[in-house]
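After this come two complexes, each holding chain A, first together with chain B and then together with chain C.
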Partner chain A sequence: MIRQDDLRARSPSLPLPSAAVLRDYGIYLALLALIAFFSARIPEFRTWDNALLIVLQVSVIGIIAIGMTFTIITAGIDLSVGSLLAVAGIMSGLFAQRPETPLTATLAFTVPILLGLLGGAVNGAIVAFAGVNPLIATLGSLTAYRGFIVWFRVNPIYGLQPYYGVVGQGQVFGLPMPVLILVLLAIAGWVILSFTRFGRYVYAVGGNREAARAAGINVALVTFAVYVISGFCVGVAALVFTSRLMAAQAISGQGFELQAIAAAVIGGASLFGGRGRISNTIVGALIMGVLFNGFVMLDVPQPIQQMFIGVIIVFAVWLDAALRRRRH
Partner chain B sequence: MKARLFLFVLTGVTACAAGGAARAQEKTAIGISYQNLAFPYVAALQKAAENACKALDVNCIETDAVNDTNKEIANVESMLSKGISCLAFEAASLDASVASIEAANKKSVPVVQFNGKASGGQYVTFIGSEQTDSGVKLGTYLAGLYKQLSKPKLRGIYLRGVAGQVTDIARNDGMKNYLQSAGLAEKIDFTEQYADYDRGKAQSVTESLLTKDRNYDFIVANNDDMILGALQVVRQFNLVGKIHMSGVDGLPETLAAIKSGALDATVFQDPEGQGGGGVWGCYLTLKHVNLPKELLIPFTLVTKANVDQFVAIADRVYVK
Partner chain C sequence: MRVALAVADRPGPVVRLRGVSKSFGGTHAVDGVDIDLLAGEVHGLIGENGAGKSTLMRILAGCFADYDGSIAIDGAAVRLGSPAQARQHGVALVHQELSLIPELTVAENIALGREPAARLPIFLSHAKTNEQARCVLVECGLALDPTQKVDRLGIAERQLVEIAKGIAGNPRVLILDEPTSSLTVRETGLLFRIIERLRVHGTAVVYISHKLDEVFAVTQTITVLRDGRKVASGPTSGWTEARLVQAMVGRDLGSLFPRSFAALGPVRLAVRNLGRAGAFEDISFSIRAGEILGLYGIIGAGRSEVAHALAGLAPADRGQIELDGTHLRIRSPMQALAAGIAFTPEDRHASGLVPMLSVRENIVLSALPRFSRAGLIDRAAEHAAVRQFLSALMVRAASFRQEVSSLSGGNQQKVVIGRALMPRPRALILDEPTRGIDVVAKAELHGSIDRLAREGLAVLLISSETLEILGMSDRILVMREGRLAGELTRTEASEERLVALAAGAEQ
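Then we have the complex of A and B:
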């Protein structure tokens, strides 16, 4: 893998380093440009409260996108995240609806995480041990999880006990709890990918599966683990989502997979594997969040918003590929 | 002018005679095709239809198109090959569902449409509601609010459903035409955003709008899920009672919120009349009863004053 430092050493006078900087940090510049644009046009946009709101609004997709980044780095994908979120949300809501006891409260907070882990483990086992293509495997579980939960409970669960709101609506040191959870998980994801042996294995499996296997890495186990991580993130996201809405629905989470993939891809993750960063994924999610918030404040109709996000996804991928070609 | 018939009157008249006669004969098979059972309202239609099947002692074969017209026609063809005598059909699409109706026409199986109507094909009757009427009822609510607040102008948020979708357009037209005819078009200002009939999206849209400006008099939405998402934000911003709110549907959760005073109103559409009506329409057709081309079930504006009578209907069909 060619590093930026190597390039600088080899050809300091060429414009390559700036291209590399643009590739690695262009997404941050794009985010800053969007923030500057909306700040100039909307006074209410440039407030601390609104900044927190934007992060709050991207928290669910951001948390899911952290897990998604792990699967994408291994050249995989997890399409089942939205359906699994609905399953975990409904089951959590069932306990949160009951009168508050230590048992029901514990179950309301832990069941979604456990179900996320279980759903992720099922996906992981199918992909890693049965050898089914991840796109097909998680497309199947997307349908199966959704079918199950609609059959199980089609009507919304509401009237959740007030204590349950702490995860979605609580604050710690003035920060909304979902924002704090997003930041903590992002840091955890970054540490795992950047500083642990497992993290290096994840990149190795996505970069070249055969080489990874030859190097003695247990490819199946690493692959299994990334889907479990994705499921865990979905479980946490389900808890945040349900607690924020104080209601659970079987139709929740539809299309979340595409938003999470978009966040990772805007952040420069390669669907061919071997490349992706948690920090960039979060910035990718923030770009979509800033666009949504700014456009709503400017009264831009939703179809135009969708069009812009679509254009940005394609542009981000094209720019990334173009800069990469220039480097090699 | 379209004749407005209350289905329950018709069914009430024929119920006693028909019920006894049905049991005397061999069970009739009625095929029912739903648009998408993942939606609570459609699931309530199903519950009402199943109750009607039981009451009439007919054999009902049910299928779910899951909003996919390819699946819809495959379901219908499969039911036709099983030998159904009548098809109770809730169209998933205005135009693309015509093929399913035509498939039944080819086999000379009568079609009764309910809730959602396709733009073509031969059918006996349509039992449902005029969606513009729900918009008119929302407009009636806003006109009442204008009077009640006695301000020169009202400012509000209007949460739309899915852009370009038939029901969303009908509700929008119904409401705005009503306000125009009532001379209120200039007196009521809307900030409009689509939220795809989705509670979470409605929550995010409302959060952004209220962060920019909290001086709104009302929020109305083209379905209850969106108004419930907005209500969550209004609660967080401590604006309950200051911002007046109404949706459309009549979900039990909305009715409970109206009772508690958190929401002002909703526009009730009757799943019992529509879902049960589809089966009843088939049953009466097979009994050679002549039905009008349209049996329209009116929408009703539900407020704290009349909410109790709708809770009973909602409890019957939104159970589980």
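Then we have the complex of A and C:
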């Protein structure tokens, strides 16, 4: 049935399974190698509590990176996440500061999510319906959202009501709540991308916009939706972040967009669209978290850490591209 | 001026390939090929897709540093490790895929990589660039403005510029890989005159094409590759088309146009006075169930634009479209598909496929609502449908999980058609469905199209290949300058009448 020239047509993918395996699972190996390295050198590193601490520290960026992965798969990007987190955090904090009533409590938990959705919808409308390049559109909203919240409330908000701490500091079955939320959102993101029609359309729109349109997909709607998803994740992250710190500031979240993008990109998502996985993004975030945690324990100065993480990002992307090239 | 002139008098081949091999992983793409390229000769290189033609020529153009075997140019052994080295030895390759930079002018593209310097080093001379390009264009007989940006040009003009770029360095060896895939009859004639002029000047030309009539028209020697090996080689006069095809596929092919012409059903798709400003005007026709209506014309005649209007990609601004008697309003591909009109675009890379998605994911892309409940995809139903389509369309893939970009062109095209058919359309519009695919895949695709018509689909077949249009169509419409220039029945139609109508020579 299969003829000689057909074998030839696909032969490049056959003889190097190791490269393919490396490409698909290399990031897991990298994470394991890092963990093994730090565990061997630092006794305090290899404890359950420290593992939980790492995941806890990663949770906010991880949650944001889930939404970021959606936008990146469509060949888009959402730079506004850090500013939107500050907007949602301050607004949530304003309600959490008030004496606890059913109304204020409900608003404290729902307002950040609704604001996240709204901020995402604004980004999505500008990108999908007005057709502005996502980098520019969200660079604009990064600036505008930040400007708004600094103007609206320049002073930090402290003294949040104790009930509010449940999201950031609570525990379920010994797991910190932020970690649980991260895991649940990651599973939801994975199910959406892998098992739903919408998820398939996200990859199609990013892989080839024209082909997706010709195939009868509502490209604008899919594009709009990924920014709403990103905004939703930011809203949840804002709630977790504010609740964990029990304080909100207008200058929170600066640089979070770069960390979230780095997590997705270390996880192999392509900024040109069409490629990316939630699980790999989470591993990408964990790699940064482990490095950060390990470096602190080894007393590596913070500027050196930064330099190292920068090198890691470029190296990971280069490695991914190199492994991909070997198949062709 | 031409270095090649002196070479014409020199005996011995310009290029001598001996035992040239190249493998990708474990498979031999090119396996021990010997070929001599002579000055003043056009050498046809044919074979199915994947036979190794393009790989062999890319070795000669320096694209692969790690080939085995020996290459001698003018009797001296050389090692071609990079495209720059190959170019120094006078080898120029005109790629199958267009490689022009749209934002640069025609002249800047032609000069790319060997820009003439101004008086001060590192500065470019625009005047010299334009002057050189003008010379090359005149030499090629192309009436193009060298200062025009390439993105203003049509696909055919771009291909001609690509060829001009190849000629610009006065190559000793010019390799043309499928140079006519976007050209019409007139432009192909122009290309043949350019080739003839080069040949007389002593250039060794390699001509790779799937179009056998062109190979017969332009070459003096034909070499056939199959599975990376040279299976036969000899003077063109000694070959017949049947023997060539047999050598290419290693067996008899049967008919290239297996058309059964069954009885037709009622009118399926009716189009009246369709028009879009600046694209086409006053287009009316109808297609019956089981009918294949051919749509012929030169590139730019407005055929694809009519198809885009029916498919919702670029909606018409006036006229009516009816499917099975129901009036349709088509403003987007979504609406066209929902109404029952499916479309396969002419450029499968640009708008047909999502390269990094798998074969399965591509094939069901337009029909996902059918395979999902509450937004969740029913994998089992999806697999069953994909499996059925892959075998019905004879798609050869190792697994339907593999990325669609790793398939050969013919199999990719089958996937595009599968995607269009998956939502069960009642009318199918095929825009150049067999461009650039090998003869076996072509025959299989034609078989599938015939079967679809027999099953009651109304098919609109757009093709620039007269043989395909003649072989497959019940009736043929010819478009010229955005309007219908004529309609021919299967019995009236001939290659001459099609070309004449398309060119405006017949009323």
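One rule holds for everything that comes next: the second predicted complex is superposed on the first by the 313 of 328 C-alpha atoms of A that agree within 3 Å, B and C clash if a C-alpha of one lies under 4 Å from a C-alpha of the other, contacts with A are read in each partner's own complex, and residues count from 1 in each chain.
To be clear about the criterion, a residue touches a chain if its C-beta (ideal position, glycine included) is under 8 Å from a C-beta of that chain, and two chains touch if they have at least 3 such contacts.
Nothing here was measured: the structure is a model prediction, and the numbers come from that model.
Q: Would you check which partner chain A:Arg153 touches, where first means chain B only, second means chain C only, and both and neither mean what they say?
A: Once the two structures are laid over each other on A, A:Arg153 reaches chain B alone.
Q: Thinking of the overlay built on chain A, is A:Met246 touched by chain B (first), by chain C (second), by both, or by neither?
A: After superposition on chain A, A:Met246 lies in contact with chain B alone.
Q: Tell me the contact category for A:Asn50 with respect to chain B and chain C: first, second, both or neither.
A: A:Asn50 contacts chain B only, not chain C.
Q: Given the touch rule stated above, what does A:Ile42 touch, chain B (first), chain C (second), both, or neither?
A: First partner only.
Q: Would you sort A:Arg275 into first (chain B), second (chain C), both or neither based on which partner it touches?
A: second
Q: Quick check on the output: what are the common chain A residues between the chain B footprint and the chain C footprint?
A: Of chain A, no residue contacts chain B in one complex and chain C in the other.
Q: Provide the residue numbers of chain A that touch chain C in the complex, in ascending order.
A: Contacts found on chain A: 2-16, 195-198, 200-201, 203-204, 207-208, 210-218, 274-275.
Q: Where on chain B is chain A touching in the complex?
A: 37-40, 43, 163, 191-196, 198-200, 203-205, 207-209, 211-213, 225, 228-229, 232, 236, 251-253, 256, 318-320
Q: If we count contacts the way the header does, which residues on chain A are in touch with chain B in the complex?
A: 42, 44-45, 47, 49-50, 53, 56-57, 146, 150, 153-156, 158-159, 169, 241, 244-247, 249-252, 254, 292-293, 296-297, 299, 301-303
Q: Quick check on the complex: what are the chain C residues that touch chain A?
A: Residue list for chain C touching chain A: 24-27, 29, 48-52, 227-228, 311, 313, 332-334, 336-338, 343, 345, 350-357, 361, 365-366, 368-369, 372, 375-377, 379, 396-398, 402, 406-408, 411, 419, 423.
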